[in-house]
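A short worksheet on the structure shown next.
Per-chain numbering from 1; labels A, B, C, D and E assigned in written order.
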Amino acid sequence: MFDAATAGQKKLVEVAGLKMYFPITAGIFRRHVGDVKAVDNVSFDIYEGETLGLVGESGCGKSTCGRVILRLYDPTAGSIRIDGVEIGKSTQSDLRKMRPTMQMVFQDPQASLNPRMTVAAIIGEPLDEHSKLTKGEKLDRIYELMDAVGLNRNFANRYPHEFSGGQRQRIGIARALALNPKFIVCDEPIAALDVSIQAQVVNLLEQLQDQFGLTYLFISHDLSMVRHIADRVAVMYLGRIAELAPREALYDKPMHPYTQALLSAVPEPDPNIETERRRIILTGDVPSPANPPKGCNFCTRCPKVMGICRQIEPEFREVEPNRHVACHLYNDTNETAGQTATSEVQEHPTRRTT
Amino acid sequence: MTELSAQKVDKALKPPRNQWWDVWDQFKTHKGALVGLFIFVAILLSVTIGPWVWSIDPTYVDIRARNQGPSAAHPFGTDQLGRDLLARLMAGGKVSIAVGMTAMLLALFLGTLIGVVAGFFKRVEGLLMSTTDLFLSLPLLPLLLLMVTLFREPLSQRFGPETGIFFLIVFAIGVTSWMHTARIVRGEVLALKEREFVLAARSIGTPSRRMVLRHILPNVMSPIMVSATLGIANAIITESALSFLGLGFPPDFPTWGRILFDAVDQMQLYPIRVILPGVAISLTVLSVNYIGDGLRDALDPRIRGR
Amino acid sequence: MPDGAVSVLDVKDLKTVFTTRGGEIHAVNSVSFDLKPGELLGVVGESGSGKSVTMMSLIGLLPSPPADVRDGRVLFGGEDLLKCTADHLREVRGADIGFIFQDPMTSLNPVFTVGYQIMEPLRKHMGMDKTAARRRAKELLELVGIPDAERRLRDYPHQFSGGMRQRVMIAIALACDPKVLIADEPTTALDVTIQAQILELVRDLRQKLGMAIVWITHDLGVIAGIADRVIVMYGGQIVEQAPVKELFANPRHPYTRALLKTVPHVRGGREAKLNVIEGQPPILTAPPAACSFRKRCGYAFDRCERSNPTRYSVGPGHDAACFWDFDKGAPRDV
Amino acid sequence: ERGADGQVNIIYWQAPSILNPYLSSGTKDIESASLVIEPLGRYDEKGNLVPYLAAEIPTLDNGGVSEDLTTVTWKLKEGLVWSDGSPVTSADVVFTAEYCMHPEGGCAQLAKFAGVDKVEAIDDLTVKVTFSEPKPNPYGPFMGGQSPIIQKAQFENCLGAKAPECTDANFGPIGTGPFSVVEFKPNDVIQMEANPNYRDPDKPAFATLTFKGGGDAAAAGRAVLETGEFDYAWNLQLAPDVLAGMAAAGKGQAISAFGTLVERIEMNMTDPSPDLPEGERATAKHPHPILSDLNVRKALSMAIDRELLVEIGYGQAGRPTCNLVPAPELYASDNTDCLTQDIEGAKALLDEAGWVPGADGVREKDGMRLKLLYQTSTNAVRQDFQALIKQWWSEIGVETELKNIDASVFFGGDPGSPDTFQKFYSDVEMYANNFDGTDPEPYLAQLACDKAPRPETQWQGENINRYCDPEYDALLAELAKTGELEKRGEIAKKLNEMLTKDSYTIVPLVDRGRVSAHSNTLGGVVLNTWDSELWNAADWFRIK
Amino acid sequence: MLTYTLRRLLIAIPTLLFISFVIFILLELAPGDPLADQPLTIPPEVREKMRAALGLDQPAYVRYLLWLKQFFWTEPLYLVDQAFGTEFTEQQNRIISWQFRSPAMDVIWQRLPQTLWVVGLAYLVGVIIALPIGIISAYRQYSWFDQIGTFVSMIGFSVPTFFTGVVLIIVFAVKLQWFPSIYDTTLRVTDWESFVKQVKQMIMPVTVLALFNASQISRFMRASMLDNLGQDYVRTARAKGMSERVVVLKHVLRNSLIPVVTVIALGIPTIFGGAIITEQVFKVNGLGQLLIVAIYANDLPMVQTLTFMFAFLTVMFNLIADVLYGVLDPRIRYD
């Protein structure tokens, strides 16, 4: 396990300027009147063998981001390179060939398994699609995978509902592993699980990473789990990345006010700390991604909000080595920030007022 | 965990038990279904094997013996031409059940196909649903008349009068009764499409065709089952209406619907002639319904596990 | 904490069994606990340990069949809730005991306005007329921190975010000034920041209204933050009960210990590997004849196979159902 | 006394759709209209002519018909008024002819006016009809329910293409009959009341009348015979035992009478094989491979037990017959040869014709099986007949395939449909037909060579069998020239026998009577098959 | 919601035009002839003339366009004329039925009351008895009530109405003489006596149809209730101390009715399609009988008009059902 990504490592996933807008249509002729900006101009890289944690509140676009990276949705803009291959625009048949390198583990282990298929059939499905193994070979491979995720081989002919949540998630993981992928998007793989089972799954994921040299995008809203498993952590808010930093740095010294609030809200299983702790309690709810606030999208709830935040969208900058933050607090020179802002900002009508 | 699986390796390698055994095991626990199955098999046997045992020709006119009540020679009596009612019921049952089953299968096939395609592929949804509306609002009778005119002769020539008309009737009923199934299936598919396991299959790279076969279809089984049970009843009744209109089988060819219809006028004089075919139709429909219930449960692994 | 005061709720030997096609499920086995006025009792345990079933058995919320409350006694206000009439039970529900459910998304009726749903118990239990009920409903919404309450009363649940719906649920539970509030994992479905808001709200309300609360959760962090006393459930039984600080400092049941170890922290040191509790929770097809944790327990010995431990007192207000004595590091000699 | 007996209810299981017989020739329409509008003369129950609006029936004897048989002169009764009080004049009669003979009118009774050159009013009460050639039977126009007199004042603006637009007139014609229309609901019900201006001040006995349509024969029979809701039900084509069962309820009785309707089997003289190219199939170009042989046709006829058919299908409403023209007596042949079934004889005939039984009992000749397709319209009795006849034919070694076709298609005459009786795409077919009035000449003339349906005529034509015999045609021409009744009778009998007894082209089965029912309290009913059944409704009364 | 409705209406226009075209083609191609029931004695030339008088000598497309014009232009104008006494349609031909030689629409209007009374009432009665049956069967799932309900409704499906109708007539009209076997469409309800008569004659046809409808709708109701009884909000309502009556009849029912109401709405067009067999058995002579007789008589303008109106209703009620769903379920907001 590496603690931080070293510069020399190979970038397995490169995401740049990724946008995923879901159109909102209205009127008699279904005119396009707006967008749900589920993912709005997100850029990051994931190095080979590392785990990038992606945290944020519900509805902030984590799942959409994970899915669009695997091209389960067609992105509105931006580029996605996986293992050096640009897949942002490739066709479904080309994608099909890429599928073995990239896989996904889903949030709800119950919902992501077809209730009418046996475990063997579920794990074997990717093999059916992408390999020409004989029946026997396939069965062997399925058993192998079941061993790898710690499922009893006897369970091969059972149905998903006959398993506990943790076991189901293992089935999902085995399915993702079947084609020897390099990159796995784990979309809240533990959110639906019991605390005691969460640990089992996380341990399994880590063990498999070691074993097969996997790279993860680990989506979660459980900050303590992310802290445990991720090497670097990206914090998302309302479709954008607020902060991206190595784990230790982030947890020790969160920079973005949202990250700070998020961390302080996590309850500690220790009554002594808990009773004394001062929390930052955010007010209000997350704004709708169809209609994000002007300027910084956190400005409506930010305890440290400044005038500029309501005007200009902060740039996502590297403020310290390896630490990226999108916040005006860390922009010493606001003017230049405005100048060097991306084209997105230039389109912004407020540009004229500055 | 690991040692557990290691120690059971050999046991696991024994070929997995055919899952239909599980289905049967579950099916057996459904009392209604079991009774239904028993009755249905009994009906099936009596219409298939029955004519071997009771070998009177159902179309044999024994005019001296007409309008007889039950007797040893004719356990259910005879009709107005002296044809043996038992033989006619068995022969009629064979046709009615065959028509009911195949027409229902055809309607299910069409309904499911259109429903699934409309639900799964957004592009053709509007078109297919308009077609469904169209078929729902088309006048059935002229449509049937047209089909019969166009196809009766070529078909009877190719397959013989009986088989030809069998195809025609099955086709006519099937083609005019798939719409409700299509609607229900489409609704169901629209919901299923949003389920995570469909997304999971896509992330694996499963193409749409196999997605439908593997993930969508098995999960719309229960509404299809319900349609199926209703479909058989519908097909048997429609067939009787068709023979009544002269669009059905050759006139001397008995079917349950026709035997029932012919006897309605004489209901007061010979009640047995309406009761028997009526009971036969109802029993079939009921037993199929209960079988459908049981099968729906048995096919659902979630219920089966309990 | 008003120690020694007379309890508002006293549960003794509660047993609940589900009859299913596959046989009986003994979901709750001889559960006893009590609740003091103004106290916040935390209930923890893994999924399926019987937390919800226990609480719902108290006020007859389980559908019957399949549920059957076989045995026990629930004293509330001097009356046994398991034996009283259905009408009286309905009076108690909503009026004297409020209930908050886990999933705010599905627990509100989608076709009635929020205002209507809050007013319903007010009109039934407090005999208020429409205007009075509306006024009170508005107050309640304000109390749980929903801005623009007057207008939001006319909104439907789907127009609220998850956190706000949970507040509405709390408002409904609080509507008739209950003596006891049972909250069944009220924040599990919510985000941490929203959870923090709700927790803050509950602390606040407790101060203002002073009712006794049972708070079910499986998040030990939440328990640590708000509970006065904690009971730990496993396999349909209470395995440990202690004041909150005592429990976290001196867990006396192997399950509690394991549980405390599995959770990762956001602060402090980071373990290389998370601790796990291996194995599966027990299948409750029969009333327990042996310790239900023995298969997953590092301390198990032959006695655990033979009999089911009762709850032994291990300190002031602290008891644990385990044959192993952690103080001595040896089997308990009873 | 008029109106003394209150209400009378009539049910026709086919509902009338219009009250103008010139726009529809459906029996239901003609008969319901006959309560309201009347012709100059009608046929009575024996087929005799009786004057209605005319003072007397014009004949050669009384000088009403000219010697050269080209004109008829009708005289109206004096003092006749329409139900609206205006007088009936010869102008109305002339107008009626004008109305039906209008080239764009599409008059359904045009055949009644066939050969009419002109119709002129001699004076207010006298009308002269001139034919373009001698007409031995001049009683086409203005005779019988099909051509009643309509009021000129009412229909004046409804000539030709405008005829269908006059809904009020078509639904409520002003007439001279015993009743006048109060409300007409097409295909449902007609409300009538006694005509205040009816020529007999004592009639009708009923003040109001309801004419209900719809349902089926069984329901109509039940309503009269079992529940007593209705007084009169028309045409109860029911199995004899069913009818008997209903009559046993004691509320009413079934009555029957015979006319000229004959249920028959028609033999196809041409080859209907689908292997033939379209356009040649079922045409004179290809004679029928089996049925061209007289012996086969005869054998088929001999195998049939007509008595039994009657017993099964019609009971008192039918009698076996061997004649195409079963009545009136003058024209009816006395041939009864076919009445006894003779299976052995039929077998012998077939043997003689070279058809020998094959392995499965079906006869064969030159490698061809004796297999026939037997079609008819959908109707329970016809299907029973089919089954029975199939059985008998199988006994003589003929294999039969049955087919039934919806009546609206079978009788539809659509040249595009393969299933019409005219196309005759089968070997034998069964239906019933009759002729209007009492003179069979046009009826027999249908079998003339040139009347065969064929592609050139868009499959129209009445010579369904494609029978063609020059001798027959010659005899027909003679009939057309003959005016003397005795002589006409002889020729007609000859023609009838040529078709049936001699050639077995047409195999008559049953002379079908009409069965109707009336309640026991309805008096004065005389069933008439030569005209509207309701012809004497003015005389009906309530038995107290 | 309004824009959604408007949009759906816009889409409905081409759909309906297409449907009208298909119906026309179908009727055109189907065998049969309007003169089929005329006596065989009519000579061919006369037939030809009669045919021309019906307009059958025109090519098919002309007849179609004419019908379109008549249906969408002349008939509505005629209604305007009727309402305001104007005379727009003076010179234009309305759709003329071939059987009646009179405007098809007039006959349709004439048939509407009895159809609505019998078929409509039967639907209503069916719904009214189906709902409580569905509710009780679901609330007491697997009780004997539920089992018998299932059994009876399956029988209801499987026994044709031509049979049940005749049985009722034989028992109640022939044997007991309680009700008339023939429906009197001319009866006007003016006083108590005529009202009693009307009720008596409606009882049997309404019963037959209502049983058939009820057996279908009660199944839907049951399924929908079962779905909702298991929902979390039911538990919430109970936890609030609401009585079972309120819980089931208010909270659950309100939610269960949403899908059922749309199903009911979808079934309404069938009322206007009439009930062919039942109408025939009881001689109600409603729209169903009108259609079937018109089909037998090959009265194409009438069949085309009736069928198209039925298609129109089907499409409209589809739309209404969807909109209704949105109205009843606050969660759904179109657009």
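Here is the rule we use: a residue touches a chain if its C-beta (ideal position, glycine included) is under 8 Å from a C-beta of that chain, and two chains touch if they have at least 3 such contacts.
Just so we're on the same page, UniProt names per chain: A = Oligopeptide transport ATP-binding protein OppF; B = Oligopeptide transport system permease protein OppC; C = Oligopeptide transport ATP-binding protein OppD; E = Glutathione transport system permease protein GsiC.
For clarity, every value in this text was computed on a predicted model and none was experimentally measured.
Participant: Through how few touching steps can chain C be joined to chain D?
Facilitator: The least step count works out to 2.
Participant: B-E or A-C: which has the larger count of contacting C-beta pairs?
Facilitator: Ranking B-E and A-C by C-beta contacts puts A-C first.
Participant: So which chain is farthest from chain C, going by the mean of the CA atoms in each chain?
Facilitator: With centres defined by C-alpha atoms, farthest from chain C sits D.
Participant: Taking each chain's centre as its mean C-alpha position, how far apart are chain A and chain B in Å?
Facilitator: 49
Participant: Between chain D and chain E, what is the gap in Å from one C-alpha centre to the other?
Facilitator: 38
Participant: Need the CA-centroid distance for the pair chain B / chain D, whole Å please.
Facilitator: About 45 Å, centre to centre.
Participant: Which integer distance in Å separates the CA centroid of chain A from that of chain D?
Facilitator: So the centre of chain A lies 87 Å away from the centre of chain D.
Participant: In chain C, which residues are in touch with two or more of the other chains?
Facilitator: In chain C, 278 touch at least two other chains.
Participant: At least two partner chains per residue is the criterion; list those residues in chain E.
Facilitator: Where chain E meets two or more other chains at a single residue, that happens at 31-32, 174, 295.
Participant: Would you pick out the residues of chain D that each touch at least 2 other chains?
Facilitator: Expected reply: 407, 409, 417, 419.
Participant: Which bits of chain C are touching chain A when the two form their complex?
Facilitator: 46-47, 161-164, 191-197, 199-200, 218-225, 227, 244-245, 248, 258-260, 262-267, 270-278, 280-281
Participant: Using the touch definition up top, name the residues of chain E that touch chain C in the complex.
Facilitator: Interface residues on the chain E side: 231-233, 235-243, 246, 251, 254-255, 258, 328-331.
Participant: Where on chain B does chain D make contact in their complex?
Facilitator: Touch residues, chain B against chain D: 59-61, 63, 66-67, 80-81, 83, 145, 149, 152-153, 157, 161, 244-247, 250-252, 262, 264-266, 268-269.
Participant: Mind listing the chain B positions that touch chain E in their complex?
Facilitator: 126, 130, 133-134, 136-139, 141-143, 145-146, 149, 230, 233, 236-237, 240-241, 257, 260-261, 264, 267-268, 274, 278, 281-282, 284-286, 289
Participant: Would you tell me which residues of chain E are touching chain B in their complex?
Facilitator: The contact residues of chain E facing chain B are 11, 15, 18-19, 22-23, 26-27, 29-32, 151, 154-155, 157-160, 162-163, 166-167, 170, 174, 269, 291-292, 295, 303, 306-307, 310-311, 314-315, 318.
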